[in-house]
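There are two complexes below, and they share chain A, which is joined by chain B in the first and by chain C in the second.
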Partner chain A sequence: MKTLGRIILAVFTTTWIATAAFAAGPSYRIEVAGLACPFCAYGIEKELNAIGGVERVETNIGDGTVIVTMKDGAALDEATAKQAVKDAGFTLNGFTQAAQ
Partner chain B sequence: MGMIKRRTMLKILGGMVSGVSVLAAAGWIAFVPSAKEPSYEFVKAWGGKGVRPGQFSDPTGIAIADGEVFVADSRNGRIQVFDLDGNFKRQFGRPGKEPGELGRPMNLTVRDGELYVPEYFNDRIQVFGLDGTLRRIIGGPGNGPGQFSAPGGLAVGKNGELYVADFYGQRVQELKPDGVFVRQWGTTGQTSHAVGSFHYPTDVTLDRTGSIYMADGYGNRIQVFDPDGTFLHKWGGPLARGIYGPFNGWFTTVTSIAFGSEGNLFAADFYNNRVQKFAPDGTFLTDFGGKGTGPGKFDHAIAVAVAADGSVFVADFLNNRIQKWRPN
Partner chain C sequence: MRRSKEYGEKILTPLHSITLAMVALAASAGVATEVRAAPETFNSALPVSKGNFVFRQQFLDLKASDDPSAADRNLEVRGSISVLGYGVTSDLALFGILPYLDKDLDLTMPAGQRISRSTNGIGDAQIFARYTVFQNDMRGSNFRIAPFAGLKLPTGADNDRDSFGRLPQPLQPGSGSWDPFGGVVVTWQTLDYEIDAQASYKANTEANGFEFGDEFRFDTSLQYRLLPRELGPGVPGFLYGVIEANLFHQAKNKINGTKDPNSGGTKLYLSPGLQYVTRKWIAEAIVQIPVIQDLGGTALEDDYAVRAGFRVNF
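Moving on, here comes the complex of A and B:
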């Protein structure tokens, strides 16, 4: 009985994780020069988070990159990303869509 | 003829080299002061990256009151409290937008038993009791009077008035204790290196007389105004016009300022991985730190606070730790 319970729990957890993973939309890698200071990195995060359809923003202050993950069905275009980075006081150095 | 030409050329070249050398020496003497005091001695460090008590994810602010060290653990959305030896005591806050939650807390200030927390993401200042009880909220997002666009740090005057560095607002606002706008320095949203203007201000502090010291972050300088708001002086690099560099008295992004009990000013010099100490008139006294991950090294010094006994506490940003130093 205990084993059956564990199997059901494992199947449920796996399904839930897979659903969550597939529910996320595309991810984009944004490169920005001079991102070491949190005053700037947080500014870029804040601007990108304000864009409609953004699910998650992860900044890597060490290497000056930002990964933007969109909600399922949403997309981010380079012009919008460029404007957000500009509003934060920086210049967009690179914009690529990450492989799904 | 060829020999004479060559000699003339050599003379001109020699003259130019001498001229440049003299100019460089004069510039060095004029703009790079020597230390007037011994450096500080590293005492200890604590922290490490993580989410457990005593660990940090982007420590960005620090303040000291009643023998306790308050740290803005920014990406973890909390305030952690330690004793002066780095022993964890308590924490409060979690990431979010609701009252009591924190959206990237920055430079901290304690005044009269209250902790002032500017929030970069939520564009407000939350005021807590030192036990973590939320007392009130000041401001909200925007560029209007009394609103904020990424507040980075603040000072509190003797009557509770606030002086807030509004990072993207490019201004320092003075507010009444209840948040009502009084006046501002700088033009909203406009960067400039002119006197009284800013290039991303990060922090504010007051001296004993009420003079207002403003850290002009990417302006790489500190500007000082008297209590009436009249400009007094500024420093940071040649003519304090925004030129950055690693030399004594220069900055490469000044992110936090704090007075010590003896009346001297400490400044976190972020990209130079050090803390600089100045007399109130801007005279360079000494510095400490240097780039690295070992004891007494910083991977970007972002915030500074001074205890009553003269110990200096520094938030070591990318090393995710707090360092304690003492005078030599």
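Moving on, here comes the complex of A and C:
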């Protein structure tokens, strides 16, 4: 009985993770020129998170990149990303859509 | 013994000499305190994101007891300084500073008795705007130049009294005067280190028959990332070692239009400190040690100043 319970839990968890992964929309890799300290990263993340349809924002300060993942069905264009980075006080240096 | 309408009480003359110490405090508690990451004793040119707030709370303990006069003065100032910054645009940021000060002065009277005078309360607020006129962003580094200008407002009490009478102006929580100031700050920031430099001038005006001497400051700061040694993915917290230098020059105070010879002069502080910086908050502490004090007459010399506090992004 215990084994059956574990199997059901594993199937449920795997299904949930897979669903969540497929539910996410496209991801974009943004290169931010000027980003050089953690306190400044917050401003960039806040401005990007304020864009409609953004699911998740992850910053890698070491290489100055931000990965923006959109919700299912949403998209991000370069002009919007550029304005968000500018509002944070920095400069957009690159914008590419990550492979799905 | 000099007397004036405002300072005619017989115990006040020795207190004229503490002016520089008090003004040094006022200056460093005001323009010198800003809210972005980077220097701990003055401004940086780093941006405040559009529509974002940054709050800083800094606690200060200043002690000055190196007294060339026979009064054996001992001054201690404790302060809690609140700063709020707001990004109007990514280039224009507005700041407001409100200090709370607690000042204690012990001194020996000519007759030999030891007395204490003290006061506390909200000090003079400052408001100023900073605008980025030059910005060069590169991968992992940036360079900015930002002038700023503002006004010190007479929000602090400037007519406090104790059992000995009216407190001398430098011991009051506020100056009573409206004082404009301005300057320029330059920041060069990389992932490994940051260098800042600031020059500023404050034109003090007269109130209550007293005018603090105008102030000129030149500040520099170097912050070097100690940890993490290597940057991996994500945004780890940075631990910076900090060394700052503060050059402070003040003209002589004027009492009813007459220059006070026991005031004004030049000070140079060297200040080691630490700063831990995360995305949302910063914790920091620094000790300001005077290495040069070329002061007028019997002006009281500083021993040290300790600053510690935090900043938050929201």
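By our rule, the second predicted complex is superposed on the first by the 99 of 100 C-alpha atoms of A that agree within 3 Å, B and C clash if a C-alpha of one lies under 4 Å from a C-alpha of the other, contacts with A are read in each partner's own complex, and residues count from 1 in each chain.
Following the convention adopted for this analysis, a residue touches a chain if its C-beta (ideal position, glycine included) is under 8 Å from a C-beta of that chain, and two chains touch if they have at least 3 such contacts.
Since the structure is predicted, the reported quantities are computational estimates derived from the model, not experimental observations.
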Please tell me, clash or fit, for chain B and chain C sharing chain A in the overlay.
clash
Of the two partner chains, chain B (first) and chain C (second), which one does A:43 touch, if any: first, second, both, or neither?
both
Broader residue contact with chain A after superposition on the shared chain, chain B or chain C:
C
Taking the superposition as given, does A:90 touch the first partner, chain B, the second, chain C, both, or neither?
second
Go through the superposed model and pick first if A:31 touches only chain B, second if only chain C, both, or neither.
second
For A:64, select first, second, both or neither according to whether it touches chain B, chain C, the two together, or no partner.
second
Answer with first, second, both or neither: which of chain B and chain C does A:79 touch in the superposed model?
neither
First (chain B), second (chain C), both or neither touched by A:98
neither
Looking at 93-101, 111-119, 165-173 or 255-263, which bit of chain C clashes with chain B?
93-101
Does any part of chain A touch chain B in one structure and chain C in the other, and if so which residues?
36-39, 42-43, 45-46, 61-62, 89
What residues on chain A touch chain C, complex-wise?
31, 33-47, 58-62, 64, 86-91, 93
Would you mind writing out the residues of chain C in touch with chain A in their complex?
36-38, 46-52, 87, 89-91, 132, 135, 137-142, 189-191, 194, 231-238, 277-280, 282, 311, 313
Chain B partner, complex, touching residues on chain A are 36-39, 42-43, 45-46, 61-62, 89
Spell out the residues on chain B that touch chain A in their complex, using ranges where they run on.
58, 60, 74, 104, 106, 120-121, 150, 152, 167-168, 200, 202, 217, 253, 255, 270-271, 300, 302, 317-318
